[in-house]
């Protein structure tokens, strides 16, 4: 089981829930399962989110491995100037 | 172990990296030969001009283009009808490039013409008859959130409850009082970040400081106006020459807006005359393509300076509330903030990033940030250097400055006491790896500027800042020429000397001379997709991809050497620009230099090249600390910046001169933001200062030399330890100068810009209260 | 609109062109003569990217009519390097990383040359006020000001050497009219 | 649009008198080209006066100086002698715009553009300068304060233009100064401007003074109350306070993108006071 924390808008979309437990070996599987567990999140996840794994922010690397001990936090999609 | 592109090689010793050679594009730029956006021309090109709304908010009842079309020399006139909505395109971008039914801000494009010359085109614009029904408008973020405010997008956004800054009651310990907006809202989103229990935290505080802050919108202010030349052939094949931070983005967005196959549109980026985030989207590009498609001729569109100000992205204006609680010893126990950013006529203000950056510099157990994205009748905001971060830092660092004053603590000490470091759970969630905030604070404290004695009406300010830094899609190719020199093809537009840095990196990897590598920025048909040059990502991402591409080439060159020597590939290693037998038992061959391998390439299997394609991740965050001394004229409110110091973590500076340049440039943009830059709207909602005369960016005589210290805390996510450096430098200045003014004359500016009239008014307020 | 026929000198060469009276010298240089080294940042004389010399006088070419330059001499960035030899300012801007995006660079170089022609020993304040009409958004001006002052230093050294031979150079070095002005302007604001 | 470059005043006046629609004089062009560029103005005729003899000359006259309509700020500064006689006027003119603008902009153009914020105008008014107006009927000399009537409007009749400005010979022990406030250090339009000329007797008592304020009304003001406030004094603190109060009282500014009513009112007094101190020191020599 992976522990996934939500940040920003995602929290309101998930009806105030900030933590989920889902299966998955990488970011893609994790997001797919999260979408199933919490359909309200689907549109946001489709639009794209950033995922912080152990402090490192990933915007696209869907195949990035994650494990039960990983710190996983979903953040809004980010861009710079 | 067989050598491959992914051979781990965390370098700490460098030959080329860290030196300061001349940039490869330099001579063209000092001789006027470099070709920027407006310097391109296509044979037989027409001149394209855009008609723009003179109203802040108006229904477009009708557009009559017949008279313009009839004018001799006019080859095409277009309105939104000529750019029909395509499935899957970005509707907001579509509406922003050409109004569809409603003009949403002063300067919103309504129609466009292409004619044989500028005089005819200007005349044609005057002949287009547009019938407007002027609607109520709103340009202020707080006004736009109030019940009864004119709604910019009726029915689009759910009304949401929001904390009213007038009461900010939810954090003032009183019962939760919230204002409900009426049906139909300009609030496009509400975002919450943080952790811990803020209300509990404040109970432990010995001192609590809270204030409201406002900042006005500022423009990126690049000196080169947007420009492009579009050429669409009758067979649908299209070329676009354009100044942009993201040619691949321009290609994909234009293709989707105009319903073209991406393969049919080739975008060639010109040299770019500044961007700072403002050239990360499209404005005139799809319009020029649509004009060219209709006219059947190439069309050149160049914005005027007033168009740049009226209709390209400034950043958000903001209205903020920040509250921080601390112990007597300066330890922060709780922090809370409400941020309201207006992003112009469309959703997407950088309030989320502002919220995530607000407290990122500090180790906080209890922190909460609520952010609102608000729409108004202003141009669609575009990214501006560390989007969203400077405003929230202005508020937070200002409050911290006041706490330090009240506790009688040194401004750097209080930050050191609370500074985020490796292992700190950041205010936006993730736990930090190795970061350099503490190092910047210590270097600032040790710097001579921090010890200078100050005179009458002079003061010193300190502020720190944070930016994430990004990476992203990057493709690089490197080709070995017959003489052993190298051609390096990059897909990230060079906005500040990155070609020089990439050549240094390639030379470093190969162990050859910088002068043997030549870098170019490729067009969109020559390389795989590259993300925009944004988010301080270029030196990190293209640098990473260049390292990997060169390592790929090294593998192939070692392979050739192995063939020539008749030994296995893994018995060959690369050193100092030549292939060597790896160890004695590999055989006693003389090394084969890169030049020798190049000379034999054709005879030993053909040309040699290396390439690498990646969606890079792992850009390390960067922190900065600024120190500024100012002198204020108490009779006029005029302010002079006497000294300015930037200390920032670069991870590893590839070309130190251009790293310093980023520090200095960002700092002076921030100084402009705090002193004089602002979007000044009239009662009618039209922009009153759409020019460099009254939109006052700093001039040469406004600023002192900008001292810099490059701190290097290596980023574990990069083989050389590189972190992005482009954006963090604009985060601290707003608060840094404001804190300096406060220490000079005891006036705290909480509304930007702190132009002389505001400073003088505040001063008289203080004197009055004294009297 | 009746077009005007103009004969002038640009960078020492005779040039003829026809333009509409509403065209600026900058329009003519860029669109009629293909000399795109002078840049248009504002078109209103506020950014200096279009700086040229008109009869040895620093001006914004966007504020000069194309029609009025007949019989005058114009110097643009295209004429700054002598053959393959860069002007000392161009060389120093390159070495000192005094440019980032480079759009303002031609204007700064023309303006800086015009300063050093009048004052080979400018103070930092004099350099900053002389160049206040040239906007740069990338560099924060630091490396630009340093490059100009370093060039002046080199030119003084060179002048001192050659002055041993011809005293004329000394005079040039002594000439300081704009220095007074820029200093005064500094004083104005301080006042 | 027609472009003409006559080589006599007569020819220029003829063109302007006959012209239909709007016609404009091209001297420095630093206002004209900006107005044309922005579409504010589409003249049917532009008359370049720089080919007319005398327009680019500074000539000594009756102990003072006559400055041609096409003399640029830079030329005026480099002349030197004018600056020694009227430092306030030359410094004010040199404050207009950047080095590039100084290479073109003229004092007469600054006067005839009739902006209430024009830097050289309060200085010229304080100096008692007169403008020579040439026209189809006659040539007349007009006090410069009577040229501008409102923003962008002048008292010039059709066919007339200003061919030169005359700065008279100042009495002994006369000093002049001009100060302005701008948000930046350069490149801005004056938010407030103050020009002062004063004459002292041998004891250092002010016997005559002219004080003019810019950017605080629809046109540059000549403020007698300010002069009265310091005449008869040795510019002691009390006199300076009276001067500042009179200047602030005379200011009738507006609030706009460049400044507020409160700011302009206060700073008018501050600058009048500071300019007076400089002028007084210069008068004492």
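Letters A, B, C and D name the chains as they come in the text, with residue numbers starting at 1 for each one.
The rule we apply is simple: a residue touches a chain if its C-beta (ideal position, glycine included) is under 8 Å from a C-beta of that chain, and two chains touch if they have at least 3 such contacts.
The structure presented is a predicted model; accordingly, all values stated were derived computationally and were not measured.
Asker: Which two chains have the most C-beta pairs in contact?
Answerer: Looking across every pairing, the one with the most contacts is B-C.
Asker: When the centre of a chain is set as the mean of its C-alpha atoms, what distance in Å lies between subunit A and subunit C?
Answerer: It comes to 56 Å between the two C-alpha centres.
Asker: At what distance in angstrom does the C-alpha mean of subunit D lie from that of subunit B?
Answerer: The mean C-alpha positions of subunit B and subunit D differ by 44 Å.
Asker: Averaging over Cα atoms per chain, report the distance between subunit A and subunit D in Å.
Answerer: Each chain's C-alpha centroid was found; their separation is 67 Å.
Asker: Subunit C to subunit D: how many Å between their CA centres?
Answerer: The computed centroid separation for subunit C versus subunit D comes out at 28 Å.
Asker: Using the touch rule from the top of the page, what residues of subunit C touch 2 or more other chains?
Answerer: Residues 1, 20, 22, 43-44, 46, 129, 131-134, 185-186, 189 of subunit C touch two or more partner chains.
Asker: At least two other chains touched by the same residue of subunit B: list those residues.
Answerer: 220, 276, 638, 692-693, 698-701
Asker: Among the chains present, which pairs are found to touch?
Answerer: Once each pair is checked, the touching ones are A-B, B-C, B-D, C-D.
Asker: Mind pulling up the subunit C residues that touch subunit B in the complex?
Answerer: Touch list, subunit C to subunit B: 1, 20, 22, 30, 35-44, 46-47, 49, 76-78, 80-81, 86, 90, 93-97, 99-106, 109, 124-125, 127-129, 131-146, 185-186, 189.
Asker: State the interface residues of subunit C toward subunit D in the complex, per the touch definition above.
Answerer: My answer: residues 1-2, 4, 20-22, 24, 43-46, 48, 51, 54, 57-60, 62-65, 67-68, 111, 114-115, 129-134, 177-178, 181, 184-186, 188-189, 191.
Asker: Given the complex with subunit A, which residues does subunit B contribute to the contact?
Answerer: 189-193, 220, 276-278, 280, 352-353, 355-356, 371, 383-387, 428-433, 467-473, 532, 534-537, 615, 617-618, 717, 727
Asker: For a test of understanding, state which residues of subunit D touch subunit C in their complex under the given definition.
Answerer: Going through subunit D, the ones touching subunit C are 1-3, 5, 26, 29-30, 33-34, 36-38, 46, 48, 50, 72, 74, 77-78, 91, 94-95, 97-101, 103-104, 179-180, 182, 185-187, 274, 278.
Asker: Which part of subunit D faces subunit B closely enough to touch in the complex?
Answerer: My answer: residues 38-39, 181, 183-189, 191, 256-260, 262-263, 266-267, 270.
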